[in-house]
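In the two assemblies presented below, chain A is common to both, partnered first by chain B and then by chain C.
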Partner chain A sequence: MSGNKYKSTSFLKEVEANVEQGDWVKMCMQCGVCAGSCPLGNHWEHTPQKIFMMIRAGKRDEVLTSDAMWMCTSCYNCIVRCPRELPITHIMHGLATYSKRLGLAPANNPTQKFAELFWKNLTKKGRVNELKLGIALYFMNGIGEGIKTSLKMKDIGLGMLKTKRMSVAEMFGGHGVKDKSGFDAMLKKAFEIEEAKLKKFDS
Partner chain B sequence: MAKKEYSFYPGCSSQKGASSSNYLVSTETMCKTLDIQLNEIPDWNCCSASIGYASGGELPRMALSARNLALSEQANPDQDVVATCAACWLATKETHERLNEDGDLMAETNQALKEAGLEVKANQKIRHMAEVLVEDFGFDALGSHVKKPLEGIKIAGYVGCQTNRPFGIDGESFENPKYLDNIIDAMGAESIPTYEKKVQCCGGALAFSEPEKSQEMIKGIIEAAYDNGADMIATPCPVCQMNTEVYQDQINAKYGTKFKMPIVYYSTLMSVAYGASAADSALNGQVIKAKQLEDIASK
Partner chain C sequence: MTEVIATNETILVVGGGISGMTAALEAAETGKQVILVEKRAYVGGRVSQLYKYFPKLCHPTCGLEINQRRAKQNPNLRIITMAEVSDVNGEAGDYSVKVKISPRYVNDNCTACGDCGRAVESEFDDEYNYGLSKHKGAFLPHKNAYPYQYAIDPAMIGTDDATKAKEACKVDAIDLDMAEENIELKAGAIIWATGWRPYDAAKIQPYGYDRYDNVITSVEFERLMDQAGPTGGKLIRPSDGKEAKNVAFIQCAGSRDRNHLTHCSRICCMASLKQSTYVDEQFGDDADVSIYYIDIRAIDRFEDFYKKVQANDNVKFIKSKVASITLDKASQNPILNGVDTEGYHRYANQHDLVVLAVGMEPSVAEFPITLTTNSNGFIEADDSNGAIFGAGCSTDALDVNRAVQSATASALRAVQVVNKVAKAEG
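Here is the complex of A and B:
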């Protein structure tokens, strides 16, 4: 890409162009309130504060292959506390989306896997099928671990069944939108428009 | 007071046989007493919650919520959209905000919606049921319908994250919201204003993908309720409710605790206080039974 190398790294430009709310990154003043406010802060390989600096320092691979962003619980603590009003939660989501699109997201991160299962599940019928989502989650690391997890979760499932907050009927059909073809066409178009807007950057 | 009507977005988890179907039952009971008519948005779809971002980018996510808004505009024009689920409310409100701030995004969203024969204007208000209760009724009016005060029950108001941040309720602080405590008091129960975990994250969707990390946080939420002498926890969020209720046995096994804390929706509390039966208050939806509320409901 063209641009003045002395002004900013190309990775910052890439994030500004392709990551949801990415144009906010340069507003970070490195105060660290986000890092201190994150409920899972001690599990982040790099805190949001650090990620913002790494983006400016051009650490493309380190940022996009990290499992850090996948620790975001979407609690929005960082957003409401940031003195510069950066939409930090959304930037973390945006970085996660972008890393996944580029195929750089850590393949074994459980939240990354679960998030994909969730999207597939909801787009299949237009509404989430909780039973199928749960089963897909338990078996996402293979049959062996799936059976182990299912046994571990057995009592929780029974509790949900007994209180009618889970239904085996969901296995067969289940809830969904009526205008599925319109729903599908709408999402297809939305993806097309978004793909067309992505700018190419050298890795 | 005249009947109030809203365009209602119930959300996936409230459906029959889903994890917060009890929330919908008690909401309907509560609304009957308050003379609220909820007009369900026809053929609504999932909002993709707070975990849909991984595979759905900004525009596909906006399109999901915009479809619901467009359907609401058609079927229930001039009505505020009301959601009971924190994630539904947040995703819809976020979409509404961005569409109104960004003309390009609005145009692109409508381009996508056109494929489904729809168009969105996003000129309505997006509100959480708790907002409706606080703003359109107020605590005194909510309390005026109480037939069976929830006397002698000490309740920790657990507001959680997404009903509180980033939008919250007008006039409430992000760090120490008080509306849930005020609702609890209005029902004749005893609130715990010093419940320090009232806005602590339960892990949200990560309770599924990162159970150990999330359960450590859930443990803190329940422990603090016990430390404050709570008989039960009340919450406005389906994810908070489920996460704090159903993992207590696993937490007990891992940490040697003896948790058995009932976690109820504000709508269940209100239904019981308004004199509804245990079934209409959805007390049969409690995995951990709320015995004190059952006793009052059967009186």
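Here is the complex of A and C:
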């Protein structure tokens, strides 16, 4: 790129093309209300305000490998307050999805791990197996912690069994959609469409 | 009964703020017949509620006084206060206008001696001070009010106090039987100068204007500096009367925000820069001012004013739109929460007092005749408006200088219309 340090960003174009709601990024006026409104603001590596600026500054790797957008809890405080009505929550999720797709998402981030568990669980049968998902989540960080969490949640689990909100039978196979191969074909097609839409950018 | 002589060579001015006054006087001084209709009990509009003017930091009373003298001397100008236009019909050169006049309960005999005010006990919210103080049921709207006459708060009518006020008057100026009047008049051209109103700060929920005593608006801050105002001219804060030395200004409170007013209200940056000098004036080196801003818009030739304030070490500029305000219960200090754009530092800053630089919106939301406005409700200069011309802040968020320019332009347009009428009528 040319010597103009404010104009180096093909990454902005990449985000606009490939990230859900990414074309809103350029509308940010850097007022900081989103950053100040985020209840998890202290725990992010970069706030949304900063991420938008980094995108414009072409900081591709820093943004896409960051765990920042994985910290978003979808509380929508930022969207409600943004004076320019940027769909900030959606952009954060869009960035997370995109980084995951490129294989750049931070492997050990718990939200990212859970999202992966959820997706795998869902696509296996076409229905979420809550029992397996719950247990997988408890044991996400090792056996010891898994047992501890399971014991802690024991009463809730038993209560759910008793009121038939959950069934032990789910552990063996579990329920699914009627037309599993149709479901698979649909996902495959959707994936192909998404892939075809992706524009290629040099990293 | 209010007798008014008006023809279709008359120019009607609606709103008697600095813009309406200027337009009315400019037209009247060219020899045209002008009627000015003002909703309040006095003319001068919101300028009369300012402590000082930027950029020169002189007192607005000065400019208003000049206009009041011009008005007094000009037989072509008729001012009707406590009056609103309720209906307009017709076209350029031939309008019929209905005007509703509310009772003042005080007639022209009034010498403003103050006997009625002293005779009564009851008090009511004082609009002139944005409700920060109360006025007596019989009151002079403010110390330089024009017309210089008392008025009776309609809420006092029917009470013993009303009778007491009447009995106290030696010049027979109080008429408790005065009733609302509706008159009709003709006009060839109409100048619409109904001005602006501050955006309702309570709508900016995260700032807690309706929850925290020590979060006030910029228009209220002006009133604190007035020696005859609610605090006797002292910069003290509402919760406990403590001196407000550490003052924060929040810019774009309701402006440039798609949740509130989408437009930039343009004058608020200058207003806060000006108000930082008020804190300096009262506390000198003990003053500690913070201005939270997105970007400072000291419109065109005011940049030097901005530079001067920047040079004051007691004024800090923090590039950040404040995200929310919370309260430190023990000290009653508002805590400003946000992230500083220059470095992305998180802050939670306490201040004695927080001033919201609220935006300006058009004071009239619905006109008695269809007018072409822009998306923010300000009147456009558009042929479809016939001979109805916006002036001052009814056309945009303007400072006094620009409001007066706009008023003079509208006067010229109106004069051209009635000249045409005069020619046609021979």
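The rule is simple: the second predicted complex is superposed on the first by the 169 of 203 C-alpha atoms of A that agree within 3 Å, B and C clash if a C-alpha of one lies under 4 Å from a C-alpha of the other, contacts with A are read in each partner's own complex, and residues count from 1 in each chain.
Assume a contact is a pair of C-beta atoms (placed from the backbone, for glycine too) under 8 Å apart; a residue touches a chain by one contact, two chains touch by 3 or more.
What you are looking at is a predicted structure, and each value in this text was computed from that prediction instead of being measured.
May I ask you to decide whether A:S37 touches chain B, chain C, both, or neither, giving the answer as first, second, both or neither?
After superposing on A, A:S37 lies in contact with chain C but is clear of chain B.
Look at A:K113 in the shared chain and tell me whether it touches chain B only, chain C only, both, or neither; answer first, second, both or neither.
first
Please tell me which partner, chain B or chain C, touches more residues of chain A.
B
Check chain A for residues that touch chain B in one structure and chain C in the other, and list them.
80-81
List the residues on chain A that touch chain B in their complex, please.
Where chain A meets chain B, its residues are 20, 39-40, 43, 71, 73-77, 79-81, 89, 93-94, 96-97, 100-101, 105, 110-116, 118-120, 122, 126-128, 130, 134, 137, 152, 155-156, 159-160, 162-167, 169-170, 175, 177-179, 182-183, 185-191, 193-194.
Going by the contact rule at the top, pick out the chain B residues touching chain A in the complex.
Touching chain A: residues 12-13, 15-22, 43-46, 48-60, 62-64, 67, 108-109, 111-118, 161-162, 165-166, 174, 200-201, 203-206, 208-210, 213-214, 217, 246-247, 249-250, 284-287 of chain B.
Would you tell me which residues of chain C are touching chain A in their complex?
Against chain A, the touching part of chain C is residues 206, 252, 256-260, 294, 319-324, 337-341, 344, 346.
So in the complex, which bits of chain A are touching chain C?
Contacts found on chain A: 29-37, 41-42, 46-47, 49-50, 80-81, 83-85.
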